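Got a structure here, written out as structure tokens. Questions coming.
Each chain carries a letter (A, B, C, D and E) given by its place in the written order, and its residues are counted from 1.
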Amino acid sequence: MANELTNPILSTRDLKKSFLGVTAVNGATFDVPRNLITALIGPNGAGKTTVVSLISGQIKADSGQVSIDGVDVSGWPAHRISQQGLMRTFQLSRELGGMTVLENLMVSARRQSGENLLNVFLRPGAVKKEEQALAERALEILNRYGLYHLRDSRAQALSGGQKKLLEISRAVIADPKILLLDEPMAGVNPALIEKIGEYIIDLRNGGMSILMIEHNLGIVEKICDNVIVLAEGRTLATGKMSELRENEEVVRAYLGEVINADNGR
Amino acid sequence: MIRNPKRWGRLGRTKATMVGAMLVSVASVGLTTTAASAGTKPAPLVVGAMFPFTGAKAILSTWGTHGVATGVYAVNAAGGVLGHQLTYTYADDAADPADALPAFRQLMLHHPTFMVGPFSPTIESVINQFVPNNVVDFMVGGLTTLDNNTNPYVFRTSSSDSNEAIAMAYYAISKGWKTAVMLFDNSANSQGFVPPLMAAYKALGGTIQANEVINPGASSYTSTLTSAFQNNPQVVFDSMDSATAATLFHDAQQLGYQNRPWIGDDLQSSAKGPYAAAFNPSTVSTDLIAALPATPSGAGYTTFLKEYGLRFGKKATVWPTAFNEYDSIVIASLAMTLANSTNPKVWVKDVTKVSNPPGTMCSSYPQCLALLKKHVKINYEGAAGNDNFNQFHNVFSGFQFLGFDSSLNTHQVAFVTPAELASVVAKEAKK
Amino acid sequence: MPTMVADNISAGYGKNLIIRNISLEVDAKKITTIVGPNGAGKSTFAKTVVGLLKAQTGSIIVNGDDLTKVPAFKIPSRGLAYVPQVQNVFVSMTVQENLEIGGFVTKGSTHERMEEILATFKDLNKARHKRAGFLSGGQQNMLAIARALMVNPSVIVLDEPTAGLSPAYTNVVWEEIARIAESGTAVLVVEQNVERAIAHSDYVHVFVAGQNHVHGTRDEIGKLDLASIFLGRSEVARS
Amino acid sequence: MSAFFLFVMTMVFYVIVFWIGSLGLDLVWSRTGIPIFAYYLYVAIGAYLTGLFSLPHVPLQNGVGNLFGLDMPGLLALPLAAVATGVIAMGIGAVFLRRLRTDYLAVVMVAVALVIWDFSQNDITLVSGNTGLTNIPLPLAGVLKININQWTYLYTGVALVWALALWWVMKTVSNSPTGRVFRAIRDDSVVAATIGKNVYRYQILSMGIGGFYAAIAGGFLAQLATSWNPSSWAPFEVFNVFTMVIVGGVGSNLGALVGAALLQVLFIQGPTYVASNYLHSPTFETLAAAAIGVLMWLSLWFRPQGAVPEKLKPTKWYLGREPQLAESINPDLTVEERA
Amino acid sequence: MHLFWIDFGTGLATAAVVALAATGLTLQFGITNYINFAYGDFMALGALLTFALNNQALHLNFWVAAPIAAILVGVFAVIANQFLLAPFARRFSNPALTMIVTFGLSLFMANVATVIWTGNTLFYRMPISVDKKVGPFLWSPDVMVVMVFAVVVMILIHLLLKMTRLGKMMRALSDNTSLALTSGIDVRQITNVTWFMSGLLAGLGGIALAVQEANLTVTSAESYLFVIFAAVILGGIGSVYGAMLGALAIGLLTETAPLYINAGYKLDVGFFIVIVLLLFRPQGLVPRLGRS
């Protein structure tokens, strides 16, 4: 553990963000270790989703640093952060509704020469070959996540659980160094929760680092190697779930006790 | 010389309906049917009429169609052309160059012998069509770029704006008004006045204090007016569409600037029209003046009025330029008669022969026809005046200046002859 | 008879059900609280009760009056008032105007009722001509509650009235809630702050994963190991 | 008969031109999701530049002249003008796409078009104000010594070649990974950014291509009419092109053709002809113009995908063969679907 | 200075017209999230219906015809919303699509109006008013009536919004729709009332414009659509008082601009403000609490 923490895949330092005078994130500082599943937990309004959006660049932080694999990406636009090796999913699934499931995956892949129009017209053969290979890879992933039979459906026609899986597989095809999952199990049935848990463990075993927001602490205990507790927009504690459960501060936070009285809304 | 009112609005696709045009068209159906049912006569000759029936300039189609209908009526009443009756068909150019070409091709489906219209500047987009499609065109409109027209099939039956501008300058100077401001809207036609008017007025010793370009469709023009009038000019030259004029005249009246002559163009000339209505009622009889090409007062004009009355009823409004379209039809009919051919390639060469001197003057279709039958060389002097085409197929007419009485009816206050215009041109050349 | 009976409510967005088969009752003069971990469906339940979400099964009855199919805007006049968790005041309007709007569902003059309410909520009285957007978070929550009270409801549903408030102000709010209950209104509170909720409530429901996991009186629930339920050891036996 | 063919050819020409125009709008609006209400501005810029480039250079005299005059063959002026317009469109995109959300962007686009339309009417130095451009040469006519009728046949052919080429290009672009990125941006620009696509850059690229297509359409219109001035266009005419795209099929290259043909023939040229020749009343034409609005509402309500809907690309399209994996259905998902 | 003050006076008159229209537009925008491109045609409809009642059908006195026409536009706006715009807005979340629908409405209205009223310049049957010097300003009695009327309408709107139950409901709805719903406000009904007010004010604005221009055409109000947007955006979209202030600023700016720039570009001053403001300060100069 210590070894992993000296060389984290993702770290944030003193991230701050407020909206119209309301502080959402207030100095979040944490490290996400490599090749592990880290959970980001905390009571409602702790700023978890905001932190994820700050890390992935959807929202600009007021202050603070984020680095991915040692590279300082603070203030970078979302697409550059993504290109740096970070992929994320959304709490409410955001599928690319007008495209097929297969295309949802294919568009997400990295370093496609066909994304430059010059190559499309000057090297059509190479692009075509690349597309075929990419399609094969996408199909493989779809098969792994049980979406294979839906490959040619419009993504907007999928059910809630299928969209969750689509988001995960869309992230996976980009082969990220770090995967941010925002409540990957929210609103899905228990059987699928189990399954998604297995998929996440598989990804970890395959060498991916994962940071996931999760409310279901049972699941967190089961699959996460490491837990970061966020409350009132700042890091409260880190450790294993079993340890944290004994942590008085965490318990109090979870039962609703306010840690910092000065942080009125 | 025809203003093309250009509103700021959605010109391209807003289609304006002309009730007047509709009536004419419906009447024409009746006429065509009558001609056709005569049966034994040769196939009627088609006159193609191309005007903006829709769009912001739709008013021009009312003018044009009334003239065409009168001309066709007059020729048919005198037995037609070489035994053929005339009939006519319309196409809508919407005053939009992009719409003009399909409109032209629509007309061609009816194989017209000759065409009347379109008004300038729409003609620019079809001017190259006439020769290859073998159709002679008579158009109306003062656009100065046509002053040196070399297209053999294109004739302009109204005098150029450059002449009108010179006449305006000449008239003002002759009245002793030596300082002037110019208020012309930003349309192509209005702006066509500006260079010749400036040149002529300066050549005659006048001073232009301000030249304001009016952007049509604003809710007020007080700022433009106050800056234009700071040096208290003796005379105002103006041209703009009626809606803009209504607003601008209203503002000028409020600012007290309508206590001096405002010399406008033919648009401004219509009796009881929007221009006169918007002018200061206490000075309208002294200070509102409009230039009008030619002399619609001779025998030709009397004939035209008679035919117009027969066609549309005695009380019908006589629309501006209608006499030009009427003249066009008479001239074409005479040319065909002289050439004894309805083939445009043949009779186009006879257009100038029937309209230009030397020759025996005649001022109505039957009268000229009778002379032609006697193989007399004729010189048609139509409703618009002499109708003599120069080498560029332009007519060079005099201009009358109209004033208004307190009930907003018009009367002639002056006439500038072609000779007087020529003297100005000579003076400009000297400078 | 309980003032409000919610029977076998299921609801959610589209095909996704978020709460399933929830039944609960709220009595006059009593504070009933719903607690539960994140995502348990507490707010969804509150929204369903007040008609913002359509119940796919079940019924909501207030004072014997079936409100299940009544459009949301007619609910307050039937005696059921609702205070949302966020965006619960009209920020561009003054305190007084916010209260007036609360009273619009009744026909007659609301002036007296407003003075009555302002007399109890002293903080608001001082700021009555201030725009609500310039109030502190706690004051906004108070204003939202006061607005809901304008109709003199039989039941008031409060969605996390103390979220984000300082402990001092939390106490003030709870005192206010207690007073509302005393005055005869049935109060249903959705709450994160379990300890305080238990301390102040008469009856507590614990929602877990969209279902009414366990419920009981303050004392009964107080005895349970809620921490285990909340922190994921959901295998804890039901009482 | 030849008059009839010429008339038909003219219609065909317009259909082809608006097909090209619709293809460009389809890319920017239907495939990239940018509410490009300034699209007709690009049509106009293309027309102006084509005209200006192919007319001779006239030095300024009393503030009038043609500073852009290159006396260039029309066949060359057209693509050059289109490239220039594409660059201008990218510039406009670069300024406005950076900061604005959809609805404000739409308003700003109209405002920009209005300002430039006003400029085209008032400015005499660069674009000859309301007189506009006249005598724009007929490309090839001088070289081949053909008259304007023969030229119409010939140039309809040229336009068709252009249209087919541009159709192929659009097809290639929209089928390419780049086109896929455009569609991803249309569906959800936030997601597109999180999967590493530079949304801003692709939007500008889309604007540039759209500007190019618009300008080709505009250039053809100007060359056909041999003139171009402010009454040839108005910013709000963009609505017609939007209707072509919506009625024809959002995101469909052939739909653009169907929409262009439908509107040109049945709602614009057809009613004009019927009105002048049979009904003798322009009221019918005017009502047809109003009917374009109604057509768009009905189409959007009852068939939002349009006459020829956007085709989804099945796996086979990508692989060039049927996929070989066995159909495996995730049992957990069937549970999910039952729930 | 003389020139400046005369232009300033005209600016005030223009501001009166713009204020009437801008208030209506901003009321409507406050409760929907899309912009109504047919608003200029609503204005024209008011002016044209007045013309119809004044010159064509009943030959009513102008001052009687105008309010009736404005009320009819209000009714039309409610119908347009209920049967066309609201269904589309509910069905398509993309505001640009709804804007295209309003584009279509504009096209539809302008062309149908052209069929009925032709594209000609029309005049009201009212006596020609003679100029009056008021301090440094020059105003005709008609324009002064329009200005006084606009001020009265602004005060009435102020009173409506501040003092009446209806007005407060409208403000509440504009502030927070879902809270309004749970506070017992009949959102659909108040939405209709708001559209009615929007149409009414559009009608009045159109009539005032026709009086100021001393004539009207089917398309003349369209010129002002973006000038009105400019006022609305300047004041902060959805803010009624902002729109009033914005109208004042826009009226004065466009009318005094010709002292410094080519008069042909004076309306472009308004368009330019739209562009620059939306780019750099979309919340307007007077930011508004509530829905942004």
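The rule is short, and it goes like this: a contact is a pair of C-beta atoms (placed from the backbone, for glycine too) under 8 Å apart; a residue touches a chain by one contact, two chains touch by 3 or more.
Worth saying up front: this structure is predicted, and the values here are computed from it rather than measured.
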| item | value |
| --- | --- |
| Shortest chain-hopping distance from subunit B out to subunit D | 1 |
| Those chains which touch subunit D and also touch subunit C | A, E |
| Chain at maximum distance from subunit B, centres defined as averaged CA atoms | C |
| Higher-contact pair (C-beta pairs counted), A-D versus A-C | A-D |
| Farthest chain (mean CA position) relative to subunit E | A |
| Computed distance of Cα centres, subunit E from subunit A, in Å | 48 |
| Whole-Å gap separating subunit B and subunit C, where each centre is the average of the chain's CA atoms | 80 |
| Chain centre separation (subunit D, subunit E; CA means) in Å | 32 |
| Approximate Å spacing (C-alpha centroids) for the pair subunit B, subunit E | 39 |
| Two or more partner chains touched - positions in subunit A | 159-160 |
| Where subunit D touches two or more other chains, by residue | 118, 121-122, 236, 239, 283, 286, 289, 292, 339 |
| Residue list for subunit B, restricted to those that touch at least two other chains | 8, 10, 13-18, 54-55, 58, 186, 213, 215 |
| Complex interface listing, subunit A residues touching subunit D | 56-58, 77-80, 82-83, 87-88, 90, 94-100, 102-103, 106-108, 110, 112-117, 120-121, 124, 127, 131-132, 134-136, 139-140, 143, 145-149, 151-152, 154, 159-162, 165, 170-171, 174, 188-189, 191-192, 194-195 |
| Subunit B residues touching subunit D - in the complex, by the definition given at the top | 4, 6, 8, 10-18, 21-22, 25-26, 28-29, 53-55, 58, 61, 89-92, 95-103, 105-106, 108-111, 121, 124-125, 127-129, 131-133, 145, 186-188, 191-192, 195, 213, 215 |
| Contact footprint of subunit E on subunit D as seen in their complex | 35, 37, 95-96, 99-100, 102-104, 106-108, 110-112, 114-115, 118-119, 121-122, 236, 239, 242-243, 246, 283, 286-287, 289-290, 292-294, 296-297, 300-301, 304 |
| Of all residues in subunit D, those that touch subunit B in their complex | 3-4, 6-7, 10-11, 14, 62, 118, 121-122, 124, 129-132, 134-135, 138, 147-150, 221, 224-234, 236-237, 239-240, 269, 272-273, 275-277, 280-283, 285-286, 288-289, 292 |
| Touching residues (chain side subunit E, partner subunit D) in the complex | 33-35, 37, 84, 87-88, 91-92, 94-97, 99-101, 103-108, 110-112, 114-115, 226, 229, 262, 264-265, 267-268, 271-272, 274-275, 278-280, 282 |
